[in-house]
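First chain written, first letter: the chains are A, B, C and D, and each begins at residue 1.
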Amino acid sequence: MDLLLDFVIVGVSIGIVYGLVALGISLIFSGLDIVHFAHGELYMIGSFLGIAVISFTGVPYFWALIGAMIITGVLGVVVERVFYRRLTRGGGGYTVAGMGMIICGFGMSVALQNVAYLLWGAAPHPYPVSFGMPIFLGNIALPKSYLYILICALVLMTVLHTFLTRTKLGLAVRAVAYNKDTSYLMGVNVPVMISLIFGVACAMAAAAGVLIGPINYVQIEMGYLMLLKAFAAAVVGGFGSLPGALLGGILVGLFETLCAGYLIASYKDIYAFLLLIVVLMVRPTGLLGILVKVKA
Amino acid sequence: MNRYPPKKTGNGVRNALLAFTAASLVAGASAASAGVIKVGVSLRMKTETGEKYGQMVADEFEAINAAGGVNGNTIEVKLLNDECKSDIGVANATKYAYQDNVHLFIGSSCSSVSLPIVDVLHKAGVPMLIPHSTNYKITLKGSPWVFRVPISSRFSAAAAAKYTAENIGTKIAYIWASDAASQADAQKFYEYIETYHGELPVYAEQFQEGELDLRAHLLKIKSLKPEALMISAQSQDFARGLVQSYEVGIPPSVKRIGGSAASNRPAPILSGDAIKGVFFHAAFSFADPDPKVQEFVKMTAERYGVANPDHDFSQAWDSVHVARVAFERADLALTDDSLAADRAAIRDALGTVTGYVTLGGGVVDFCADATPECRDGNKTPVLIEYTKGGEDYELRVIGKTTFDADFGLAGMEEEAMKLRESLDN
Amino acid sequence: MAERAAGQAASLRFVDSVERSLARLREIHPLMPWVIAALVLAPLPWLLGNTYHVYLANFICIMILLSVGLNIVKGFCGQVTVGHVGLYAIGAYTAAVMSVNFGTPFWISLPIAVGVTLLAGMVVGTPSFRLEGAYLALVTLGLGESVRLFISATEYLGATNGFSGVPAPRIGEFRFDTYQKYYYLVMPVMLLGVFFSFQILRSRLGRAFMAVREDPVAAAASGVNVRRHKMIAFMISAAYAGFAGALYAHMIPGYLNPRNFTVIEMVTLLLMVVLGGLGHIWGGIIGAIIVTIVYDITKDYYHYSLLMFGMVIVLTVLFMPKGIGGIIDRFIATRRFIAIREREAARARAGGAASGAGERGSGDAA
Amino acid sequence: MLSIRGVATGYGKVQILRGIDMSVSEGQIVALLGGNGTGKSTLLKAISGLLPVWDGAIEFEGEPIQNRRPNEIVKRGLTQVTQGKDMYPAMSVEENLRIGAYTRRDRAGVTADIGKVFDYFPVLGERRRQLAATLSGGEVQMLVIGRGLMARPKLIMLDEPSSALAPRIVLDIFSIVNRISRNEGITILLVEQNVRMALLLAEYGYVIRDGVIHIEGDSRDLITDDNVRLAYLGGTVTDAGADAGTGLAH
């Protein structure tokens, strides 16, 4: 019983991290109609930027989180403006709209990884912050870093949710996510909104990167596996649904931990993909994806 | 820093004499006798220190050239990156063998890359000096062209296993990362315990490289209450596993053991205090008070900015100097037509290198037979314990063991035969 | 101006003469151009400077098989799949397991490998019934990665130690155990693959694929069984991967490692197909050749290789979405259009007010 | 108020409009008629800035607005009401209306205007908290018209408000549109396939065909014109103007 409870804690805590990255992926998907295959790299770069902020300014961890989010957000806007904008505006044709975007994402992913390599090298970097030993509840260990992640993730979720539902700008973002032409006719400056969405999504990825930094040393290859898990999370929760992304992350984390715990542990990573594939085949809209557009 | 042992074997003397006569004969015939010995290096360069190993190899050969070369010949080094991917490694080896016409191949870092390269170079007839790969299968293949400077996993893991079984216990749990070296480390470890102490592993599972969360494994291990836990993985995965083993609450009384990659620089830096008390096996420790080691450490700090070099550093250095010994003893014509003969000469000369004392204190003894006994040069693993983690980590040497050349080969005849068969295919 | 026109006319004459001679060859026998191609390519191992170049030629042949296969499902049929490397791995490992663990000769393990990959292609193709675009990309990526992870965690397949000792193919006592000999195995298979790819493109099947690509709904309305054709496209493409995998497994040194089937390889493959031009068979071939050679030449700049790959992919998608193949197509089409226009103008000047109705090829320019 | 001179545009390289001339005076209701694929919606997109104008000029209140961004044009008081299917299904009725007032800064005015829309369309008021996805076809049409009003436009362009609706509901909607036009003093450009209905409501009408204005005139005259019926039915018109665009309008 203790073991099961342990597994649940582990699954939920890693799941929240998946959920945070999935949040950005979901946001980009609903806003720009693209599945961003380079998002894992922005998560990685965000994590590195967190270290850079700490080492340059010496600010505490929390401010490094905010700083990395802002810088990565701006970086995301630049990437979107310079590269993706042409594809989304170009529209039409199978090469450009659907496949072009996906292929472009892959290209961007390896290119960004190489840029990070040139900037920070291949060595894994430890995060200059320590949370100390976990809290022990009887026999069960609860790492503080995961508590921190949980709190931050919930706060970010709430802020994002409030922004989207309670503010005029948030309303415009949702409008753009649903229909760009119509929103343009409402007087919404759609190009700016698209950049905003992309920037916010990248900032979320950076947040995940900085939050996971202390438990996962930062290195240039860290993005890929995380991206796949986050995709699984986004799909399970329903692409385009923000609460779904977090829920999906937790489900993926739980599922893979429990499978690894009670089935063959060596195949741990495959379980997440199996979940992804099964959910996509059986219920492509995911668990919370009620009003999600099923298109590329 | 010239400290290879004196040439002891008659073979070496004869070769040297032959080389001398040949050299003087050629010198008499034409003034421009100096040839170029080409060395091809293929390593995993896109890592923190990978490039520095390669650079050091090139620099060391350059230093030899600057000091007058080898028997009047200069050495030309080419470096290629293989990314620890076998297809790139094979391409590099093929390029060296057929396009660049190298006389000696040095590589690779990763066992999974060295394994297929053995076949390629066997076919091409190029001597191969391995600086880092430890997987026991590499020499088990029985190619006459293969020589290994580092310690085969059949020795090193056994040394750690022997120490563990005698001092800690035999109820051991294992997790290892999905790379060939880590896997071999863990596998040889529990095979030793099984063979000599009759105890099966409490837990033995593999995880993916770069895996974020090892706690699913560790929780299961925690519930099995082992006496020791071996985490065999590349440094960052090892560090993560180590920290998480404390996070899930495996008590400190359970001894943590690392694989050979635990010696790599990032491991103690990343895992901080968690690494204290962890021991692992390696070929070298920078904490060795031996002046020769301290001189080497000073050199790497000055030239490459690495104040605490790991054993991959020392082995790359050793490989260069083993190669030099061979070059000195080989009878080389170094003309366009003599490529095959020169390669064979270098191979034979490598086979005569004995008594070369490595920086780690082990002795490299090669012999002419194409057997693991002959080609696994160094048989002396060092057991090292971390006494302090972090940037300025500290180590202490627990001890060294030298194994018999045929240790660990019992029961491997069938595997060896299969490997040898595939070599000829 | 006159010079340019002359140049254009000359290039057009060249293209026309090539096409005419190809057509003449095809009249003798449909396979004739390919036999000639084989004859032209046959002395390559002697012409190339050294064995390493022959090795590269072999490797290029395998890559061409892969990229031409990927082009069928991606370029012809418009299905986004990024799990192709997984199929390649399945082909390679099946052939390897068959010949090492069951001792079957290459000639039996090859069809078995292709068969198994075909089945795997069916598995990868099934999601395409329900999903499209990015969703499909996700599933195929997941499947491809699962294959790699499964291999690297399965002891029977050598796990991360790799699977070694795959024997070279043999006919009687003759063994394809050098790169030179192997070339004569890989090159014909590659040519056959390209030939079939052209046949498919020209056949009803190819047209149905393109109908599915352009507009699945319209295709279904005009009587194309969309599901079946998607499935067929995936299976054909998988078969190509199976051939490529089996040939790769049996090539010296007969060693497989899951590290060689990662997403980086997938990106390289994507680069080949995209750079060459999606939907252009020649594109896939040109892409495979260019990428392999450029990669070899730039080996020393490994620090920047991924940046280069990535940026070439991104820039190709942005600025020449149809790739090199598209540029060549447009080049020929424009030349032909200009020629026709000039001919018509000349005819108009001559007073012959012919309607130009029977003029072939005028549609190419559109 | 709105004058269009020689506007030509199209999608990609395919030209749709081949020189449109028309004008809308203040306070008028003007109908733009034409069959499917004649270029009506293309013209609207060109006016509201969604499509680049290749040639010609569009002036609104004397200022050129061609090739301006749609959001700037909306700010000038020119709003397009798209077809009913373009509402935001995942937002509530009230949120849909609020997004219509995105360009406005006066909160109180917006709230008041929401009330006004509910006055015109009481059924929307009953459903203000519901998701737009749950509305019926007629209600959605009302919603998008109401959303268009929220920007306090000077000129509103209605894109086929009658499409796919029952005649009774169309009549309802048209009468409300008429009322709005009178009460609020909003100029209306009505784009319709339903020729009879549109001409009953409008004062002046244009018939577009193959990318040019084919016929124009007072609605009373047009309603009896045989050519209008032919154009609306999409039949062959033995007219020199029709020849030019054959084959390009689809």
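Assume a residue touches a chain if its C-beta (ideal position, glycine included) is under 8 Å from a C-beta of that chain, and two chains touch if they have at least 3 such contacts.
Being a predicted model, the structure only gives us computed values, none of them experimental.
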item: Pair with more cross-chain C-beta pairs in contact, given B-C and A-D; value: B-C
item: Distance from chain D to chain C - Cα centre to Cα centre, in angstrom; value: 50
item: Distance between the centres, which are taken as Cα means, of chain D and chain A, whole angstrom; value: 41
item: Chain B-chain D separation of Cα centroids, rounded to whole Å; value: 77
item: Shared interface positions of chain C, touching two or more other chains; value: 149, 153, 303
item: Where chain A touches two or more other chains, by residue; value: 117, 224, 264, 266, 269
item: Pairs of chains, among all present, that meet the touch criterion; value: A-B, A-C, A-D, B-C
item: Chain B partner contacts - residues on chain C that touch it in the complex; value: 49-53, 55-56, 59, 100, 149, 152-153, 159-162, 164-168, 175, 177-179, 252-260, 296, 299-300, 302-303
item: Of all residues in chain B, those that touch chain C in their complex; value: 45-46, 80-81, 83-87, 90-92, 94-95, 97-99, 111-112, 115-120, 123-124, 135, 137, 178-180, 183-184, 206, 208, 418-419, 421-422, 425
item: Chain D - residues contacting chain A, complex; value: 12, 48-50, 69-71, 74-75, 79-80, 82, 86, 88-91, 95, 98-100, 102-103, 133, 147, 151
item: Chain C - residues contacting chain A, complex; value: 74, 78, 80, 82, 126-127, 130-135, 137-139, 141-143, 145-146, 149-150, 153, 213-214, 263-264, 266-267, 270-271, 274, 278-279, 303-307, 309-314, 317-318, 321-322
item: In the complex, chain A residues that touch chain D; value: 92, 168, 171-172, 174-175, 178-179, 181-190, 291
